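One structure below.
Per-chain residue numbering starts at 1, and chain names A, B, C and D are given in the order in which the chains are listed.
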Amino acid sequence: MSWNSFGHLLRVMTWGESHGPAIGAVVDGCPPGLELGEAWVQQWLDKRRPGLIRNTSPRQEPDRVRILSGTYQGRTTGTPITLVIDNVDARPADYPQDAPFRPGHADFAYQAKYGIRDPRGGGRASARETAARVAAAAVARLVIPEVRIAARLVEVGGEADEVRWQAMLGQARERGDSLGGLVECVAEGVPAGWGAPVYAKLDADLAAACMGINAVKGVEIGEGFGAARLKGSENAGGMAASGIDGGISTGKPIVVRIAFKPTSSIGGKGRHDPCVAIRGVPVVEAMVALVLADHKLLHRAQCGEAPTPTPPVKGRGVSGI
Amino acid sequence: MSWNSFGHLLRVMTWGESHGPAIGAVVDGCPPGLELGEAWVQQWLDKRRPGLIRNTSPRQEPDRVRILSGTYQGRTTGTPITLVIDNVDARPADYPQDAPFRPGHADFAYQAKYGIRDPRGGGRASARETAARVAAAAVARLVIPEVRIAARLVEVGGEADEVRWQAMLGQARERGDSLGGLVECVAEGVPAGWGAPVYAKLDADLAAACMGINAVKGVEIGEGFGAARLKGSENAGGMAASGIDGGISTGKPIVVRIAFKPTSSIGGKGRHDPCVAIRGVPVVEAMVALVLADHKLLHRAQCGEAPTPTPPVKGRGVSGI
Amino acid sequence: MSWNSFGHLLRVMTWGESHGPAIGAVVDGCPPGLELGEAWVQQWLDKRRPGLIRNTSPRQEPDRVRILSGTYQGRTTGTPITLVIDNVDARPADYPQDAPFRPGHADFAYQAKYGIRDPRGGGRASARETAARVAAAAVARLVIPEVRIAARLVEVGGEADEVRWQAMLGQARERGDSLGGLVECVAEGVPAGWGAPVYAKLDADLAAACMGINAVKGVEIGEGFGAARLKGSENAGGMAASGIDGGISTGKPIVVRIAFKPTSSIGGKGRHDPCVAIRGVPVVEAMVALVLADHKLLHRAQCGEAPTPTPPVKGRGVSGI
Amino acid sequence: MSWNSFGHLLRVMTWGESHGPAIGAVVDGCPPGLELGEAWVQQWLDKRRPGLIRNTSPRQEPDRVRILSGTYQGRTTGTPITLVIDNVDARPADYPQDAPFRPGHADFAYQAKYGIRDPRGGGRASARETAARVAAAAVARLVIPEVRIAARLVEVGGEADEVRWQAMLGQARERGDSLGGLVECVAEGVPAGWGAPVYAKLDADLAAACMGINAVKGVEIGEGFGAARLKGSENAGGMAASGIDGGISTGKPIVVRIAFKPTSSIGGKGRHDPCVAIRGVPVVEAMVALVLADHKLLHRAQCGEAPTPTPPVKGRGVSGI
């Protein structure tokens, strides 16, 4: 992982500002021969499109993706795949150059770091960048057909009841207020053995990927923070109860929960979401897909393709273990 | 980050198994001219030493560090610094080759990945590996003298009262049981501007570093999971209330909270901690130090050494912003 | 360095096929605040444009660059800079899908690796990709204003006399033949201290960068292959006679010589250069600029900005030393 | 590649100074299950041992390797493999702290970069570091049993006749002089498809690996500098005449030639080689083995293990192609 690229082997570099001409991603290291067309990427982009989902930003972006490289006759060639999404509904005039710093945004931090920033809608720090991740993840999904990834919103403003959310979100929108939210993502079908001990742990990479989504403030995997309140005798239910042990997948479903803070852009003239966690759902899926596809390749590099023969599990359930 | 190395510019590679002859770390990319001797590293190692801390594993390891390269006349030379810690109290015989998989441990996952594993005390997956991180972090601390890092245990088994912990831990030890715990780490003195947007976010790197510690199941930064239950109007307290915005430090203290699950090694013959979070405290500090030192160098690379002039903050506290 | 990206800190990812819709580069890690406009990049692209230079491919590409991200009001912002060049004179029909492998080209190797390839004009392996490098290097040049880089053709087909070249090239073109060539590049103004020992050696990185240019078969630095024929008493002229010692710059000019083989596309219907070394000249400059800018940032990361105080050189000229 | 580590997936980090307590290497990313013992590594180290080979440095180092991690019962486990070689015949007193800079050595460059250096025998820049590479490469060889690598000295001081070398070397030793040399390395058995286009080209990585060996000033691959003097009609002998096309192996033998300058340490008190190219032979083999093993894993990651079906070569020998 460096500044704007992501992944060990399936590397994604994203670029673009919220109100520049376009945003995009380059996906490098993709296996060859996979069927890939713009329609495939588009369907995933449509899932996160603002304006389509109720209670998201009124900015109207068609988010049409174009593939500029890396395929031939509808298949990946193993060379870098460039995905470009034009910014159509950019309104730079809404964001004057001398705009004050917005609390909770990256405005101040960018200025402090670089001494210069693109003030138009958060520039690079805009949630718009996540469209590039979703597009890149559409490619990653082709690499891991054996895996099913499903994220969903499980809480809004501390409330787990979906009916009450609607009222809360309506209210927040009226008042120019916003709400935090909790997203849960489950990945099924990950075989045992992906990940690596110590510094390329599957859970560590998932944590980085999800913590790097805008507005995310917490990530937990498996038992999560609840585990801190447990005794071992309550926790050690059975062999590989968790989807990841020691940084390596166990074959069980992997569960990740991600906390989004309330969007900071309350009031003001910019167009924003009352609850960014809503649009965070497809972005979480995207990041999980990217991490898993990357680790599939990493595992294949070191250990080859044949499934590692697993010795019989001795002593399962034996008392004292 | 790759298999067993960590960091963008201040790179650490650790190696060694729990019951092999030694463990160690190589720190690459350290600035030259820093005063470094074995005594400096030793004092940090002593803080995590099992056997010294009550309620930690009875394994007696002196954890004496030797520096084999990278210094001359007590100063770093800019070349790789090798830190070696011999395993003295290794007892491989306690861990027979045909030991059953222990639930919640990495045993099964390692076997599934590699088709072979060192079964002696968890091998590479042992918490013993963290001694190498603490040693490496002692070097990292020299890189960031302006930063103060302090972690502490704030909860054991869901209990925040220190006096009650002692009873709980004693009980757990007697019963061969174990407890989860919560560690909080605060870093003060980090100037505004460290970190980078999108994929080398300071918070994402901290999340990966902490999630990669053995037994960690959750990481939150700043407002954390609590933020998911907030409204924006409650959250946006003031300019840069958080230590990290948009992946970049703001100059405010950075707060990280880490959830440790109960240690899985209950019962059995191996020697283990009733609450790994206790020894997790210096390890959390170590990982935070490594990430911050790395990002200091990353920032200097891209933006130079002069503090970036920060424009006056307009409109602070202005209503609606 | 990974598949299609290049550089440690100033990272460049290029993408695009010869007869796809466009080619491009993303430059990540560029320092902020540098003046950058399309005109600056364009002037460097114009230097390598086929059709402009006599004795290069008749393909007519305007090679107009567009900057899609990473600048604001004419300055770099520290975020990724995307450079796109549309392919205008692409003629995919010239390259039928069932075209035979061309000897000396990457056709066979790509097919063997990926099981699929874009057969149109070499696809990704086309020398056209080098336009993206030249564009990226225009950004790199802004990072190293203290350095002057000048490459020139010094031999064509074994001949060092420029007048004779013209005749040889004309003849080769008529006969559908091609000629090898030798390019020499000198970098002046590189301060002492860039580079790093052992595996990020400045000369090793220069060698990789230049060997990675299409059709390059040899790279030598400083004394080069001539040194293999010398005695030490002839070679050790003075202190730091070479521009790089031990992988680190000495402050003296750095000289690199690069051998280009004759272009393989003799005959056939595609449009090609009779001597690719001619258009190799700006590409060599580009690669040298990218490596030097990257190493400037690497050096600043580890050692800071202040020039390292150099102790007085003792014993210079002392006999036997 | 970063400061002191090397390789994309099979990563090697070396450490240690010529006159420190030890030198060593950590090999990360090695596939599991490979038979590895100290004897295997030792036999390769013995081939480069000074003192064993005539006309090499009189320093007497047994170069006994110890494996401190990464194996269990004689097999690799997939975790980092640590190889340590103690420095036995170190004589730091031979190298006073105020020693003058030696021309052609890294002394001045290190001092200019770091402001500090280990002056004892070149410290980290000593050719002694290459023992760590040879040890690491012994592991790499296990990864590529299908490949045969053989390097040999083909020229000394411009002379290709072995009998005359002996006289020249004897003379040089007497006079405290030294000679350059040329090493050629051939790798056979590399299947078609290793390497990658553009920035992880197999030839570019080989060039970096070989140019990073001490005293190397030039690298050529396949036709090399000779190709610069050819016409295409002379060069394009047949399909895939070269071992690498477009950065990817073709299945033909890969030939690399490396130019060593005369060792700079003429006269003085240190103990040195009259022709470093002699000991360069096993080091060249080592670097080639490391690059090839790394690329085998890279290829497997992206393209899987099944040999890519290669379509019939059409039009071979067709006139004009």
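Basically, a contact is a pair of C-beta atoms (placed from the backbone, for glycine too) under 8 Å apart; a residue touches a chain by one contact, two chains touch by 3 or more.
Remember, it's a predicted structure, so these values are computed and weren't measured experimentally.
Traced through touching neighbours, the fewest hops from chain B to chain C number 1.
Counting C-beta pairs in contact, the pair that comes out ahead of the other among A-D and C-D is C-D. Chain centres computed from CA atoms place C at the largest separation from chain B. The angle needed to superpose chain A on chain B by their Cα atoms is 180 degrees, rounded to the nearest 5. Comparing the contact residues of chain B and chain D by number shows a mostly shared set, over half of all numbers used being common to the two copies.
Centre-to-centre separation between chain C and chain D, using Cα means, comes to 24 Å. With centres set at the average Cα position, the gap from chain B to chain D is 36 Å. One finds 42 Å separating the Cα centroids of chain A and chain D.
Shown for chain B are the residues that touch two or more other chains, namely 2-5, 9, 14, 29, 32, 78-79, 110, 113-115, 124, 197, 302-303. Chain D contributes residues 2-5, 9, 11, 13-17, 20-24, 26, 28-29, 32-33, 66, 68-70, 72-73, 75-82, 97, 110, 113-119, 123-124 to its touches with chain B in the complex. Partner chain B is touched in their complex by these residues of chain C: 9, 29-32, 78-79, 197, 297-298, 300-306. Those residues of chain C that touch chain D in the complex are listed here as 1-6, 8, 14, 98-115, 124-125, 129, 155, 157-158, 172, 175-182, 192-201, 203-212, 214, 217-242, 244-251, 259-264, 266-268, 277, 299, 302-303, 308-311, 313-316, 318-321.
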